[in-house]
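Take a look at the structures below.
Heads up, the next two complexes both have chain A, just with different partners, chain B and then chain C.
For the complex of A and B:
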């Protein structure tokens, strides 16, 4: 029983870590809460679904959806956020605009696909491989490994590559970065591409493991916000840890409390962190979102 | 006729909501996505009191406002230290927690089934049982809230609020206790929102959690932003537009589920367009541009 709960925490946590990482990457580089990340996430799942319904095998549908999600994220940046930044919009203005885009995205999905639950499953639910008294399906094994791999790649990208260093520079001080010859717009666009790809990857994994509704993006987004704040904005290990913490809190909470209080636990964590440690457990100063 | 009265009553209720949110978001610059939570508090307090104790309207209004103010203090004191966008996230978390309580605490709130059979309001011994009578009461309370907020924002107190909105450090340098002002405004705004909830509970005589969702909060915030934050007439105009507009969609004859989604798509696009081209809304003073 307990080993199954721990395993479920790890699976949920791996997904949340990916969403949080994508969201956090955009926040620290562009400096505002990109709520429309939730719409990109849901769009990703539905892109897989439509490609798959059109007869494509999942091996093509998933990469196609990831590319599609990246494009949506980049379009949001080029079409809306960049013009707003040009007008020196505050982070609140950007937040309101992204909330607007989130609402539009979610309701467009509802209009096109309907509000009912869609699934990619065809056959029976597979039984899963027994591990230490718990059961793990192949998809779930894939979730854990791809999450670990992608978090590692992100760490490498930010710490060891040129564009990663540019992203850290923009996160630290966009004006200074521009003076040093970094093309800030391009770096932010890159952050949107990577962030959206991470979010959509998480969404496709969820779609493969369970199912999808147009509303799935909202909760994923909120979890990402909570995970990023709990972990400490601007820290990759922080976002990953934050995701794992939310996954564990949800699953352990569901073990002891009725499941309908799961969300309440997650939001109580948010309020507790914002009250006592708004910089999160790995963040540095509060005034300035840290650097990666 | 009954239909027009219904629209007018809803406009009165939304007027209370937008004016009180405008005090918090438009005049003091604290963007909140938790207004529907306080609206819900007012509705549930009124419903429980009048179902179990048959209390009269004035007492319900007072009790709703006091409970909402109390919750507002609990929320505002620790969380108003936060920077502006973190504060938005905190209000979102608060909204979600309260919605979950409305939805899950079945013993108290009836859970998803809601609370049916709320008695009609009783004021000075008369039952407010017809729509025209209720409209008079609702409009009276809306006017009262409007004048309270107008009095506040046009006084020296209101000038301090605007100073905080425009430049918090500057207000602090003038010796104003910025955090204390913010807490006061948030608590007053929340208490006023609960009055709207009280009216709503008496009007519909049935409440359930779907009226107090984050979507409702976003709708109230959109009314303020699109109408124009930081002015009093703007948000009321926003409330009128966003209340009447969905009814027009219904007349055109869209299926109700499609119409609901279309409406949301429109609100969302309007928010984005407003931020791009008219952050002050139709007739506002403040475009969240600090």
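For the complex of A and C:
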């Protein structure tokens, strides 16, 4: 049975890593908590649902939803965050605006689609493939492989491409980056696009595995925040690592403790990190330059 | 400086004024102008896990109120219903009850559907001497909640005991695991079932809980798999979709039992066959009944809600309005009179069959054992 728990940790961790990665990208470049990421996340799943219910096959519906999610994220940046930044709004203001958009977004989804569970199922549910004493479904295998692939792509993007270098520069010191000729606004917009795409991908995978409700973004968002803090503020690999850590802690913790304590475990991790190591695993301590 | 502050102030005043002006607005039935208007508060879960039942119950109540008001001649009793959402959240439900009693001054409240919300609301409503009639709360704890607290939903004491008896005596199950939603409904039913099951000689070998609204129950299921029970009793709402699916995927082999919440073909349709073979106790009401009164009711609800089935909560809500009407005809329109009227009802016939209240404000209704075959709900053994 332990092998199943370990496998479940990997599956949960993979999802959380993706969500945290998307959230972390925006946080590093734009410098504030983009809570509305949770709304983009849920919207993504529901976009897939809409396209799929309208008759499109999932092979078309999913990329369509990813593009849709990217547009929503970018619209949030252009329509709300950028004007606020122009007015020299504080990070707190941006956070509150973000929270507002999250609430509106989630409730809009509720209004349009209803609160009941929606599924992307076509056929009957079947047993998972037996593997090392545990069971793995095809969707779950997809989750793990997608996650590894996307994290790898992100790494490549950030380390080996020009825009990736620009993102790291903006994350490190936006003013210096601007002086060096980097269009900070454009970099931030790009971060929103990539971050949202990652979020929508994660939400789609979750929806394929465990169906969707309008409230699905809330817990994912909280996990993303904890993962980014635990993994290290300003560190992208840290966000992914944080996601994995939380996935493992959640599943392994519930193995030994009563399952009602699952969410408590996640937030205990947050409190522990904030108390003893606020810069997280891989984050910069606040006087050294950023680690990527 | 001056003009800027002025315009911001103006905006704030405008917003405040709009807010105050809209306080009167909100879903409610058209206020009749006859002298005998009785205000009924309605608390339903319009959002949250069981929003679907809130929707059908709302349609049923609006229908009943409309029918009663249409039949009332001059001087007849008319209802004016004021609707509030509790989101299946006890805190929100309590605020709703406060608002209905203090601001709207309702004579009686129909609702809530959720046991957890009902338990939070009951003490306050009892203290204010306003009648509460719940068409859905099934927790045994509501039985003694007060003189003014009624329900036409069956107490879980009956459902839990009947299913336990059936499981031991008919299904010959000796070991069982219980997987329940961690709120008043789940906890109450788990306790009733466990007590009766063990009293009859069975053994409960694993007990796991999940939070209301969870969608990942894999760890709980793995723990249950480890215990290898002959049967597993699942208590939950829409979380059941995730449970059945994940259990099947994990290869958990057990005989599933469930509650009346599974008695919903729309819900079963989302299970992808994973709930086949599950045996459950259902409150004796089916929207597919051949009874003409039920069929007419079900058709109208389907029309009003755009295709939703008239589930037992809609049926109970519909009957609840008529029960209040009956009570008012008997004794009067004050809250005390409505209370006395409800206690005195002994021959009420509604879409859910015969209803009468015992001295605790509870009802006795039959429990039927049903099962799922090929994704369709069927009577057990039928």
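The rule we apply is simple: the second predicted complex is superposed on the first by the 285 of 292 C-alpha atoms of A that agree within 3 Å, B and C clash if a C-alpha of one lies under 4 Å from a C-alpha of the other, contacts with A are read in each partner's own complex, and residues count from 1 in each chain.
Everything below uses one rule, namely that contacts are C-beta pairs under 8 Å (C-beta built on N, C-alpha and C of every residue); 3 or more make two chains touch, one makes a residue touch a chain.
Quantities reported herein were computed from a predicted structural model and do not represent experimental measurements.
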{"item": "Contacts of A:108 with chain B and chain C, given as first, second, both or neither", "value": "first"}
{"item": "Contacts of A:263 with chain B and chain C, given as first, second, both or neither", "value": "both"}
{"item": "Partner chain in contact with A:181 - chain B first, chain C second, else both or neither", "value": "neither"}
{"item": "Which of chain B and chain C A:119 touches, first, second, both or neither", "value": "second"}
{"item": "Chain B versus chain C as contact partner of A:55, first or second or both or neither", "value": "neither"}
{"item": "Comparison of chain B and chain C by chain A residues contacted", "value": "B"}
{"item": "First (chain B), second (chain C), both or neither touched by A:5", "value": "second"}
{"item": "First, second, both or neither for A:130, with chain B first and chain C second", "value": "second"}
{"item": "Chain B and chain C footprints on chain A, overlapping residues", "value": "110, 115, 258, 260, 263"}
{"item": "Chain A to chain C touching residues, read off their complex", "value": "1, 4-5, 8, 12, 110, 114-117, 119, 121, 123-128, 130, 135, 137, 210-211, 213, 215-216, 251, 254-255, 258-260, 262-263"}
{"item": "Chain A-touching residues of chain B, taken from the complex the two chains share", "value": "31, 78-79, 81-86, 88-90, 92-94, 96-97, 100-101, 103-104, 218, 225, 257-258, 261-262, 264-265, 267-272, 274-276, 279, 287-290"}
{"item": "Touch list for chain C against partner chain A, complex", "value": "47-49, 51-52, 55, 182, 208-211, 213, 215-216, 218-220, 222-223, 225-226, 238, 241-242, 244-246, 248-251, 270-274"}
{"item": "Residue ranges of chain A in contact with chain B within the complex", "value": "32-33, 80, 83-84, 88-97, 99-108, 110-111, 115, 222, 225-226, 229, 258, 260-261, 263-264, 267-268, 270-271, 274-275, 278, 286-287"}
